[in-house]
Structure formats: C-alpha cells, structure tokens
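Order of writing sets the labels: A, B, C and D. Residues in every chain begin at 1.
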Amino acid sequence: MDELEIDAVAEVELDDPVLVEGLPGVGHVGKLAADHVLEECEAESTLVRRVYSREFPPQVTVEDGVADLTCAEVHAVENATPDGRDLLVLIGDHQAQSNAGHYVLADAFLDVAAEFGASEVYALGGIPTGELIDEYAVLGAVSDESMIDPLEEVGVEFREDEPAGGIVGVSGLLLGLGDRRGFQVSCLMGETSGYLVDPKSARAVLEVLEELLGLELDYGSLDDRADEMEDVIGKIQEMEQQRSMDVPSDDDLRYIG
Amino acid sequence: MDELEIDAVAEVELDDPVLVEGLPGVGHVGKLAADHVLEECEAESTLVRRVYSREFPPQVTVEDGVADLTCAEVHAVENATPDGRDLLVLIGDHQAQSNAGHYVLADAFLDVAAEFGASEVYALGGIPTGELIDEYAVLGAVSDESMIDPLEEVGVEFREDEPAGGIVGVSGLLLGLGDRRGFQVSCLMGETSGYLVDPKSARAVLEVLEELLGLELDYGSLDDRADEMEDVIGKIQEMEQQRSMDVPSDDDLRYIG
Amino acid sequence: MDELEIDAVAEVELDDPVLVEGLPGVGHVGKLAADHVLEECEAESTLVRRVYSREFPPQVTVEDGVADLTCAEVHAVENATPDGRDLLVLIGDHQAQSNAGHYVLADAFLDVAAEFGASEVYALGGIPTGELIDEYAVLGAVSDESMIDPLEEVGVEFREDEPAGGIVGVSGLLLGLGDRRGFQVSCLMGETSGYLVDPKSARAVLEVLEELLGLELDYGSLDDRADEMEDVIGKIQEMEQQRSMDVPSDDDLRYIG
Amino acid sequence: MDELEIDAVAEVELDDPVLVEGLPGVGHVGKLAADHVLEECEAESTLVRRVYSREFPPQVTVEDGVADLTCAEVHAVENATPDGRDLLVLIGDHQAQSNAGHYVLADAFLDVAAEFGASEVYALGGIPTGELIDEYAVLGAVSDESMIDPLEEVGVEFREDEPAGGIVGVSGLLLGLGDRRGFQVSCLMGETSGYLVDPKSARAVLEVLEELLGLELDYGSLDDRADEMEDVIGKIQEMEQQRSMDVPSDDDLRYIG
C-alpha cells in the first residue's frame, strides 16, 4: 500500500459536477447527510473511485462475514437534480489518523474532483453547541468572500465568532487546500449537541443543500432515525430526572466521593 | 535499517503453500496457535525469512544472554499434512508500532507469501467477549463471499454484528490488502475473555485449522498451558470470593468509592 | 500539499534585514510582540511570503466567514527604524505539530530569511515563572558568545540556570539551526507567569528590541490589552479571596469531595 | 536539517577502537559512566563527530547564555589504557523521540564506529530493580554467545529472566543492529532503583569496563556525586518516617481528600 492508492472502479462522464463531502465528524452530521443523498439517488449513482491509504486506520470492516479495507468512496450521480446537475458524493467511515495524513487525503479527494471536472465543493459537517437544541441553524464558511451572499440567501448563517477554533480535519482542508487549487468551497455545518449522532442536524444541512443545488430529497429514513434519537434522548432525560428525585439524606451525603 | 529489511535465511521449494499468521493480539490466541503449529511441525520446518523494520519497536529480546533484534519470522513447513500440504508459518513477538507501519508490515508478509507461491492465507486471532467463557466458538471473516460455506462446514461461525468495530492490525490488513492482491484470506478468531493469554481459545482455532487443512496436531503442551491458566483463573476467583465474603456492614458500604 | 509550500506573495528589495520571529509560545509573549511590531509598522510593511506545510495542524481559521489555511506569514518592513533598518517579521497562529516538523519549519523560516539577505535573527518569546509577577525581566540566549555583551548593555539578563530545560520549539531551533547556517541569533524571553496571555511581558521584550534595533514603537494598543489582563487577574484574585473567606462549617466540610 | 547530519569536527587516526555508548536511560547510569570516562581521559580525547537529527527533540540547551542544538557527540580517546587501547566515547543528553528515530540514530552511531574502524561496542546502561539497593550487580547481554564467558569472568551476571521485556532504545539497537552489521556488542547494565540518577551503579559498570579494557579510572568526582545521592536518599527516608509517625486523628481523617 502506497501512501495513496486510488482505484478507478468505473468511469462516468460528468458535466461540471459538484463534490459533496460527508466524512465522519461532529455528530456524524456530514456522514448522515452524504449517505442520505446517496441513498436517495441510488438509481442514478455509480461508484467511481475508492481511495485507500496508509493514512487510514489499519483495519477492515466486516459485513456479512466479508472484510472491506478502510477506504473513502466517491460516487458519481448523474442528473441528480431536475436541472440535470451532476454530483460526486464522497463518503466513508474514517478520516486520516495523523495530521499530515489529513493533508494527504484532502489533496487526494480534490484530485478526484479535478479529474471529473468539478470546481464546486460542499463540505458537510456539524458544529457542536454543547447542549441539546430544538432549532437547527446551519452555519457556513467559504473559501472566497463572494460566496457568502448566495449562501445567506438560502438561510445559511455566518456568525462572527464561530466556528471558534476554526475547522479541523477534512472539511477544513477542503476549504483551505481547495481554495489554493482553484476550487469554490463551502462548508455547511449543522448545529448539533455534539453528544449524539444527529439526523435532525443532517436534515437541516440537506435542506440548505436542496436549495443551493436544486436537489429534491425525501426524508423518510432520516426522520425515522431522528425518531429513534428522540427516544434515546427521552430515556436519558428520564434517567436524569430519576436521579435528581432520589434526594440523598444527610447521612448519605457524607459519603459522596 | 531501512523501512523494511527481509533476510533470506534459507530457500525451500514449496508447492502452493498456505500462509498461517499468528502475531500477538487479543488473548495472544493467534500467537499461541501459530507457535504451536510450528512446535508440532518442528521436524519438517525451516526458518526461511526474517522481517526487520523500523516499524517494529526499537528493542531486542534477550535469551540466554544473547540479544535478538525485533523481527517477524516466516518458517516453511513441507508436507505438514498427510496430504502433503506445505505451510508458511508467520510468527513474532510484536506488531507494528504505528498506523502506517501496519500497512508496511502486512504488505511485506504478503510479499513473502507471494514469493513462495502462496495464495491462501489464514490469519489467526482472538475476539474478546469481556468475560470468562466455557464454550469456545471460532468466528470468521473472509476476503471473499465464496469462502464462507467451506468455513461454516467445519464449524466456523459468522455472526451478524461481530466483530463489532471490524478487525484492526495485521490480521485485518492481511484480509484487506490480501484481497486487493489476489489472495484468498480467512481470519479465524477464537472467542476469549480478553484478560488472559488463552490456550483453550488457541486450541479451538487450531481444531478448525486441522479440519480445513488436514493437519493432525497433538495438544499436549497447549493443554498443559491451559491447565496453568485454569489454576490462575481459579486463584483469581478464590480471591474474589474472599473479598465478597468479607461482608461489609452498612457503615462500610457507604465508603465504597 | 508537499511537506513545505512557500508562496511568494510579493517581492521587496531589502537591505540586510533583521528577522524578528513571534510564533505562539509561553504566554503568547512572542506572538503579541511580533504582531505589535507589524501593527505599528503597517504603513511600511508588505506580506511577502506564506509558509504552508503538512507539519502545521490540519485546519483553517475562519474570519468573517472566509476560511484561511494554517500558515506562517513573513512580512517585509522597509525602513522600520529612523536608521533605515529593514525587518522581516514572522508571525502565525501555530507551531509545528511534530518533533521533526519543528526542524522542517525552522529551516523554512531560515530559508526565507536567507533569500532576503538577512543574517541577524531575533526570536521572541516568554519564560514561565510559575507565578504572577510585577517586574518583567527579559532573559537572553544567543547563538554565539560574542553576542552577549551588546544584549547585556541594553538590560537583557543572562542567568546561570535559566532557561532550565533549554528552549524548545521554533525559537530554540532558530538559535540552533541558525547558528549552523551562519546566522546570528538572539532569543529574547520576557518573564511571564505562564498562565495568561501577557501583554506586559511582550512590552518588556519590545522595549529591549527598540534599544537594539533603534525601533520607535507606541504601546497604546498593547497597554489596553495589559489593562484588560489586569482586570482579569483582579477578578481571579477576588474570587480566590472570596473562597478563602467562606469558612466552611463542620457540616459543610463533610461534603467536600 | 536532514533526517541525519553528521559534522566531522576533527579527524583522528584510531587503531581498532572500542565504542563506548552512554546516552541517557534508566537511572542515567550509562550517561554518568560514559561522561566519567571522558572526564578522566580529557587529556587524550578529541571531539570528532557531532550527530544532529530531526529525530532528536527540537530544542537547544543553554549554557552561559549560549545555545547548543541537541546532538550526540563522539569523542576519540587515544591510548586510553596502558595497553594503548583507543576508545570512541558516545555521549549526549537525549535519545530519539520516535520508534523509527531510534533505528535511524543507532545506525548513525554504528556508521561513525565503522568509519573509525571499530568492531567492538559496549553499550552502558541501568536495569531497574524497583527498590533501593546496597549491592550493585552488573548484568549483561551480548550480540553473540561467544562473548558471554569473558564477561562472566570479570563478574558480569547473566540471569535467566532478565532483562524482562528486553532492552529498549539505543543500547538495545546497538546490540541488534550491531550484530547484523558485524559488530561485537556487549550491553553492561548496572542494577539501580530506577528512581534516581545513580552514580554508584555507574561506578559498578565502570569497574567492569576497567577489567575488560584495561582502563584505569579514578572515581573521585563520581564518589562525590554518590555522597550527594546518599544525602538525598537519607532525607527522603527521614520524611517517610516522619509521615508514618504523624498518626492522623479522627478529625483529620475527614479532610483527607
């Protein structure tokens, strides 16, 4: 295995496709979102590239007894929108395992994007709020100032002090390296608690993407996952209340250690 | 020392040998198993390759005052089975010390396998149950779907959610990289608590291997080690009971921190 | 992204410029100081180089919604002093993320310095005292013995056991590698508690630099920051006193966990 | 700075010199020993090589205000013994900072040894006992079996289960890589608690070296350091006794947290 090995699984002619990235991160928001786009577009999509690398964790996932080496996948989606917009959807289960590795992989993803003639990139992710929320704003960061207005028009928020600490990992590097290589990159970050895999945040991000690209998505399966998440949150909150209702006596309090 | 240095210690003509890998991992199951195969086949085996690497820990083991640099060894076993099956047995005391290092070493092991004309690989290891067990199932993962039935026929179990988290390290990469390089790779994982070096789990795995390859192994020394392990477990359980028999009073219970 | 990518943003003819380095470190003293020099010299300064590297953290900062890839910047300042001394000011938000990375980046900075004909380097930083202080001494370390007297003359202190443990990171390597490459390097370290970003320590260091180079700097904005810091320290001290004045009763003491 | 940079500081013709290595390790035994040999042989010694590397920590030490980049030094000692034996003494303040780095540096040291025609190597170090000791045995490990007897004859002990876990770092790799490169390597390890820098252990190791090489060393300065160490140990033991004599009252027990 070299530092990088990109398998050309299939070739598809795309016309000015948009790269949509959804690797795992905060709340798995980006991953849920990109996986969902692919699920919705299954009919028109073709796996075109698999990216393997020493920079990925040294492991295989096992499904139905068969092992798969860690990789990132790029799927081509022809005519994803009524407008006929093509997509390249980048998904996977892992990010790079070292600092330099993030640079190596982000460059590889941009190489694939360039190979297919893409110049527009949407990096999807989450931004942690630290607490459970009811409203899901979608925050933005872009590679060039001129890209802010179109995003604000569809409801993306640009807040002055966020994201504090910048954007780390593949989404950040698609912005940073993408800009240096001539791409127009937007990062869409759904607010999320940061404690759970968050399908509601993923939905908020996808609704923005629908506006921007003219996509039309169903949310059935994502909503099912959101209901499951609500159940889990509900149970956790019940347990919390139960704990606070067991008021300890003075005797008990001495021993809390 | 380069990234990799493979010493050709001896040359042996093998006919379609099977690579059996047993580097240290969960419960040292794979290591115990592979070491045992070699012990049983000592008469017919020849050390053919030593693999040194910067990716191994920077240390020597000392035996009888003499130092040996960390390496993995490959032993050729001619006519290991009544059928005349040849084996390449890969053993060692360490795995790679970095993520990229696992890729480097797994590729090196496959290089050696290819050099000797092997196309079949058995990666032996353990899968942790988190508790002491009486029955030792052997779980499987393969590089290709077609390999499942033959394994199930000899009692290997393929369970839907296991191994959760996939397979990390050399066994996983032999599966993943081996598949990319045209090898047929099976990983046999003996259930084990994960707390102890487990000769019983190693035996369970070897019994499967015997079926698959037509090997005939004695288990005397492995059973001796199993008895030692039973003694250790017995002592631990005694100590646990002793502790629980010192029944603390309500007063004491409050201090359990 | 290669190990190193240096963007030539602009070209400026400099005459025997002095490289002033202020990357983040103890108390952010060096960073505050270098950022302040640049602020004061804004009229005469030009961004000439951006240094990108896999050795920097894999992230972007976001300002006004626009992302910037982690880098170090070199600004050329012509006629920074009444004497007509030119400066190269090196600033940034991060140091290297690995041991080897520090060597790579320090060499890159010296390459830029050499490219512009610099032979004199001032690495600015802080030296932690472990406690809040009122007097801010500036300690020194140099690449060659002959450089000690001129520094002592302007008040730099050379103490026998300091810095204990040497100087780690870019300032240390500018000294060490700079010496090997024929540069004259001085490291000026302002005493600082080590707990806070310290504008007073930065000012102490800059006052020495003013003497050495003939710079004339205003300290308005730095003093404002110092006042903010005094407020913060004041509040912390109040809280400390409050805590010690709430003498807990015997009952309360039982609950201290 | 390349991965490795070896400065030829001076050239000295040596006749079959012995390489003596004393980099920091357990109890700093090897370092104290090698530094002491050099101190005793100052008149006949010449600094011949400085080894710099990205694999060393990115720092400088500061002495009398002047900075020195981390490096290892090799000193040539002509006619170190009445017999006229030449030595190459390898000293330094740091080992490599990464696993692969240890391999790189150990190879570099052997390169220097080979350059000067050395074929015999003594790696000096400590082996931790975990407790303070009165008797200081010197344990051994060698690259070849034939080297055991001569060492046993001068009192070096070869114990069956020691060192448990092998020998890690430069001493281990001089043994392991040295053997592969045709050197005769002995590792002499003085027993030491592991808690303190141990001049007594260093002396025990040097007494063995004296026997082996015909060296004649004075121990004045080393004994002074040993006395200092005894004082420190004495004080620690006093404090321990003091603590056990202050039996806490019930009141006090409540506050132990």
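The rule is short, and it goes like this: contacts are C-beta pairs under 8 Å (C-beta built on N, C-alpha and C of every residue); 3 or more make two chains touch, one makes a residue touch a chain.
Quick caveat, the model's predicted, so the values are computed rather than measured.
> Work out which chains are contact partners of both chain A and chain D.
A chain counts here if it touches both chain A and chain D, which gives B, C.
> Over half shared or under half: which fits the residue numbers at the contact of copies chain B and chain D, same or different?
Different-residue interface.
> Fitting on CA atoms only, what is the rotation between the copies chain A and chain B? Please report it in degrees, nearest 5.
It works out to 90 degrees.
> Compute the distance, rounded to whole Å, between the mean C-alpha positions of chain A and chain C.
Chain A and chain C have C-alpha centres separated by 37 Å.
> CA centre of chain B versus CA centre of chain C: separation in Å?
Inter-chain centre distance comes to 52 Å.
> Note the residues in chain A that touch 2 or more other chains, in rising order.
Expected reply: 254, 257.
> Select the category (line, ring, star, complete, other) that matches the graph of chains linked by touching.
ring
> Could you run through all the chain pairs that touch each other?
Pairs satisfying the touch definition: A-B, A-C, B-D, C-D.
> Mind pulling up the chain C residues that touch chain A in the complex?
1, 52, 54-62, 64-70, 97-98, 254-255, 257
> Using the touch definition up top, name the residues of chain D that touch chain B in the complex.
96, 99-100, 102-104, 106-107, 140-145, 148, 158, 160, 162-163, 166-169, 172-173, 175-177, 179-180, 185, 187
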